[in-house]
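Chain nomenclature is as follows: A, B and C, assigned in order of appearance, with residue numbering initiated at 1 for each chain independently.
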Amino acid sequence: MSIDWEVVIGLEVHCQLLTREKLFCSCPTDFGAPINSNTCPICLGHPGVLPVLNAEAVEFAIRAGLALECQVRERSVFSRKHYFYPDLPKGYQITQYELPILEHGKLFIEPESGAARTIGITRIHMEEDAGKSIHMDTGATLVDLNRAGVPLIEIVSEPEMRSADDAVAYLKALHEVVRYLSVCDGNMEEGSFRCDANVSIRPRGQAKFGTRTEIKNMNTFRGVQRAIEYEISRHIEVIEGGGAIIQETRLWDEGAGRTRSMRGKEDAHDYRYFPEPDLPVLVLDPAQVERLRGTQPELPAAMRKRLVSDYGLSPYDAGVLTAEPVLARYFEAAVAAHRNPKAICNWVTSELLGRVSATAVDACSVTPHGLARLVALIDDATISGKIAKTVFERMMETGRAPDEIVEAEGLRQVTDTSAIEAIVRGVIEANPVQVSGYRSGKVGLKGFLVGQVMKQSGGKANPGLVNELLDRLLGEG
Amino acid sequence: MDVTTLTLIELRDALRSGTVTSVEATRAYLNRITAHDDAIGAYLTVDAEGALAQAAAIDAARAAGQSAGALAGVPMGLKDIFLTKGLRTTCASKVLEDFVPIYDATVVERLRAAGVVVIGKLNMDEFAMGSSTENSAFKKTHNPWDIERTPGGSSGGSSAAVAARLTPGTLGTDTGGSIRQPAALCGIVGLKPTWGRVSRFGVIAFASSLDQVGPMGRTVRDVALLEEVIAGYDPRDSTSSQREVPTGLADLPRGADLRGLRVGLPREYFPESGLDPQVSSAVYAAVEQLKALGAEVKPVSLPHSPLGVAAYYLVATAEASSNLARYDGVRYGHRAKADDLYGLYARSRGEGFGLEVKRRIMLGTFALSAGYYEAYYRKAGQVRTLILRDFEAAFSEVDVIATPTSPTTAFKLGERMDDPLQMYLADIFTISCNLAGLPGLSLPCGFDNRGLPIGLQLLGRAFDEPTLLRVGAAYEDATTWHTRAPAEPFVARAGGAA
Amino acid sequence: MESARHLFDGDETVRRIARLARLELDDATLELLRRQLGDILGYVEQLDAVDTTGVEPLAAAGEQTRLREDGLRIALDPGAHVRNAPDHSTGAFRVPKVL
């Protein structure tokens, strides 16, 4: 009979900050620049160089910490972490060890399975990224230091997750927060959002933690899911088979669907941390922290709540609209221009997202104002919903304003009752078979008649009026 | 007129008045280097072509009426620890034997902006680790007063060059005494400013929390002028102080008295044993001179001083082991043949670093290692605080503290190489000031019976370089030690056992 | 604090430290350093006797927090970053393969 195992998972996430410059020097941080073009003596680790802290990076770190409800440490200290590797130019990384800038936060997660709840965040600290090693088939390794010195925040969770679902939910929630704050672009493929997982198991009810292993190299949410599930099974199999888990770092092999031990590839690390003598203590101005707190952008979870309670949208729609920060901002801008959130929501989720991806709405030729105007034109009966779809197409193609298109193409809805009545009478006269069929109970034929009227009017008759008039005139006969 | 006999200030004035051109002054120094540096071994690199081109440019600018900097046209050698863009900088190590910097140190930028002509790079102990310049990977430097003796270290090439008139003045670095001790052993003036007073950007790091750049020269006023040019906030150095540099550091009126000055003599710096009696009597005589100028002299105590060497050799080696981790042969520096990465690192570093450097890296690595950090590095940091508190207490009673700079005069080459601890104890009087981050000045105050120079050390409050320089100038004006130069040709003179 | 100098009585510690510091040392040097490091550690042990209860280690850089304004970039001449490189290819630094 197998034991009732409890899984214990903690996650460490490294986020590259979207600052203009590197953490300790003024080199640019753009991804994909030519090899070693974003370097200077400081990030190359030349003799004699000294670090100077980037103010923007501090601000971004604080914003992330405030969004995750952390306590801001007024005094935090940078430390050196030593190890030898070709992509670490100084032979040490400048990080924060004993006294990180942020601590004791939390993040609300809603896992696929398992209870929705908050997960504690132990700490967030600032550190510099290392460069990139490119391993060649020739047996050599090439080193590109463009990434060396790029600012990172490392977000460490409490070991409070209990399943792979929990872990993925946490990651997705965290991913959303940092992108909404514009402190990190969350691009897992490019490596700007990297996750390591610490996994262990213990018999349920036992207080002592089991031996944990660390998993690296998970590059997608799906990969995280699979890797953690695999590792949990592996732990169970080993322990139930009478063996013991070795504390080690393992790499996820996406292709093979398994983790592999890194043992033998590196000596046990003695990082020899000590406070960075080239940097003063980081003392934050409480007024600056309060200013940042007061100017935090709205976070997605709060926004979803508001869309449901204030605008009456469904939770599903609220979820779609907030999936990407640019989309959320697009929606809000449209609603600000014309307050019909439900209609705007429908247009965004069906028509707009049917043609443009959520991340590309900023570049779309239909602007939030344009979309809002389109909905306004429907609401004041200038055009029908159906015609509006045509106008929308034109807006996509040409980028012109909806009013312009309506005028230029004569798409104004016909609301003149007598004009429509004339068409309706004409259609009734011209289609006696369908008319008598409808009158004898085949109610489906009304659609045909409506269609005929719309066709006659070039699609411009107000559908509501058409229905009303048809009902009246058909009822009369 | 032999321009090399002029002090730095006199030379600067002669250049200003047109009495001599920069090309003439530069040639004069280059000629002396050619004539004498085989015997002294002060220079590792001499850039005659580059120097003459710089000098010519400055002469042309002056002739065209452009305004000239505070040191315009003055030729100068610099300790090979300062990065000079385009000019080989080795730190006296095989690791950097062929290294050509891609940027200038801030202090080099400031000297160049003041019009200094860089003529070459001066020998030192490898990575500034040593007290005799014998740890240089390339050559020994000989003390001009007796070439069988060391000039001190680690700025031994600098002090020897000033004393032998192979440069009118220069910059050194001081981590545990490396400006002051060689200055004392060579009979010149050396200033270690307060930590943070002068930028460390572009200075090859040994121990970050202790290293400081400072001027060396033949007179106190020369040193003060250099300090004025290099001191002050640098945005590239987060630890450089934003405190204003007092103007007129070099305006030191002649023949000033020292009335109102309180001078402290710490009993711990005048021990019964371990201090050459000729050194102590010269220092006592110097203190009498200060009294004669009006100073009040009082005993003080710095009780934690005897712990200085122990604390230093934990802090400095730990920081050095960290700062030297970058020398791995990957991006620059010596690279050994190796099939794998571990071998690349271990062999490159094993081949590149000298024995003293290795010794300190090992000690420092141990002091930071897991399980020992608290008891060693951190403990030493706590002792530093106690040492600083001693000074603060003393400075509530006195304005400067006077001590010998070095417990002995210049010792013979090879004499201390087998016993590292013996060598470390050479720094015993200079080291506490680095640990506390305070300024210290060494100036000549006599000679022993072998004709070897003796140095007086003055220690001051944080950022109180003006007082140190004022006291130094007053003492210098009342004495003539600084006017004595070693005889030429430079040969072994002192003779006899150490 | 236990005396650490005895860690240098055998050669295990000195070899471990040499490895940690990436220093390839021949046997003679290893033995010399083993002995000397033991002596030096014996000397620095005098710090143990000092009462440092409640004393903070000296933070030389203090609390004068220094934040960098943008734009302090050190412009490099083209190719400068590999000027001193022992081995480089296509602008990247090249090293033997990491096993």
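Criterion: a contact is a pair of C-beta atoms (placed from the backbone, for glycine too) under 8 Å apart; a residue touches a chain by one contact, two chains touch by 3 or more.
Keep in mind that what you see is a predicted model, and the values were worked out from it rather than measured.
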Reported most central chain by Cα centroids is C
Where the centre means the average of the CA atoms, what chain is farthest from chain C? A
Per the centroid of Cα atoms for each chain, what is the distance between chain A and chain C, given in Å? 42
Per the C-alpha centroid definition, the whole-Å distance linking chain B and chain C comes out as 23
Where the CA atoms of chain A average out and where those of chain B average out, how many Å apart are those spots? 57
Each of the following residues of chain B touches two or more other chains, namely 99, 102-103, 208-209, 235-236, 238-239, 321, 328, 330-332, 341, 345, 365, 369
Each of the following residues of chain C touches two or more other chains, namely 19-20, 22, 60-61, 64, 66, 68-69, 72, 74, 76, 81, 93, 95-99
Tell me, which residues of chain A touch at least two other chains? 41, 44, 52-53, 84, 86, 141, 143, 145, 270, 272, 277-280
Under the definition above, what is the set of chain B residues touching chain C in their complex? 98-100, 102-103, 195-196, 208-210, 235-236, 238-239, 241-242, 304, 307, 309-311, 313-314, 321, 328-335, 338-347, 349-351, 353, 355, 358-359, 361-363, 365-366, 369, 372, 375-376, 378-386, 388, 420-421, 435, 437
Contacts from chain B onto chain A in the complex sit at residues 83, 89, 91, 96, 99, 101-103, 105, 200-205, 208-209, 235-239, 318-319, 321-322, 325-326, 328, 330-332, 341, 345, 365, 368-370, 373, 377
Using the touch definition from the top, list the residues of chain A that touch chain C in their complex. 20-21, 24-27, 34-37, 39-42, 44, 52-56, 58, 75, 84-86, 133-136, 139-145, 265, 267, 270, 272, 275, 277-284
Using the touch definition from the top, list the residues of chain C that touch chain B in their complex. 1, 4, 13-14, 17-25, 29, 33, 36-37, 39-41, 43-44, 46-48, 50, 52, 55-58, 60-61, 64, 66, 68-69, 72, 74, 76-77, 80-81, 83-87, 93, 95-99
Enumerate the contact residues on chain C facing chain A in the complex. 19-20, 22, 59-76, 81-82, 89-99
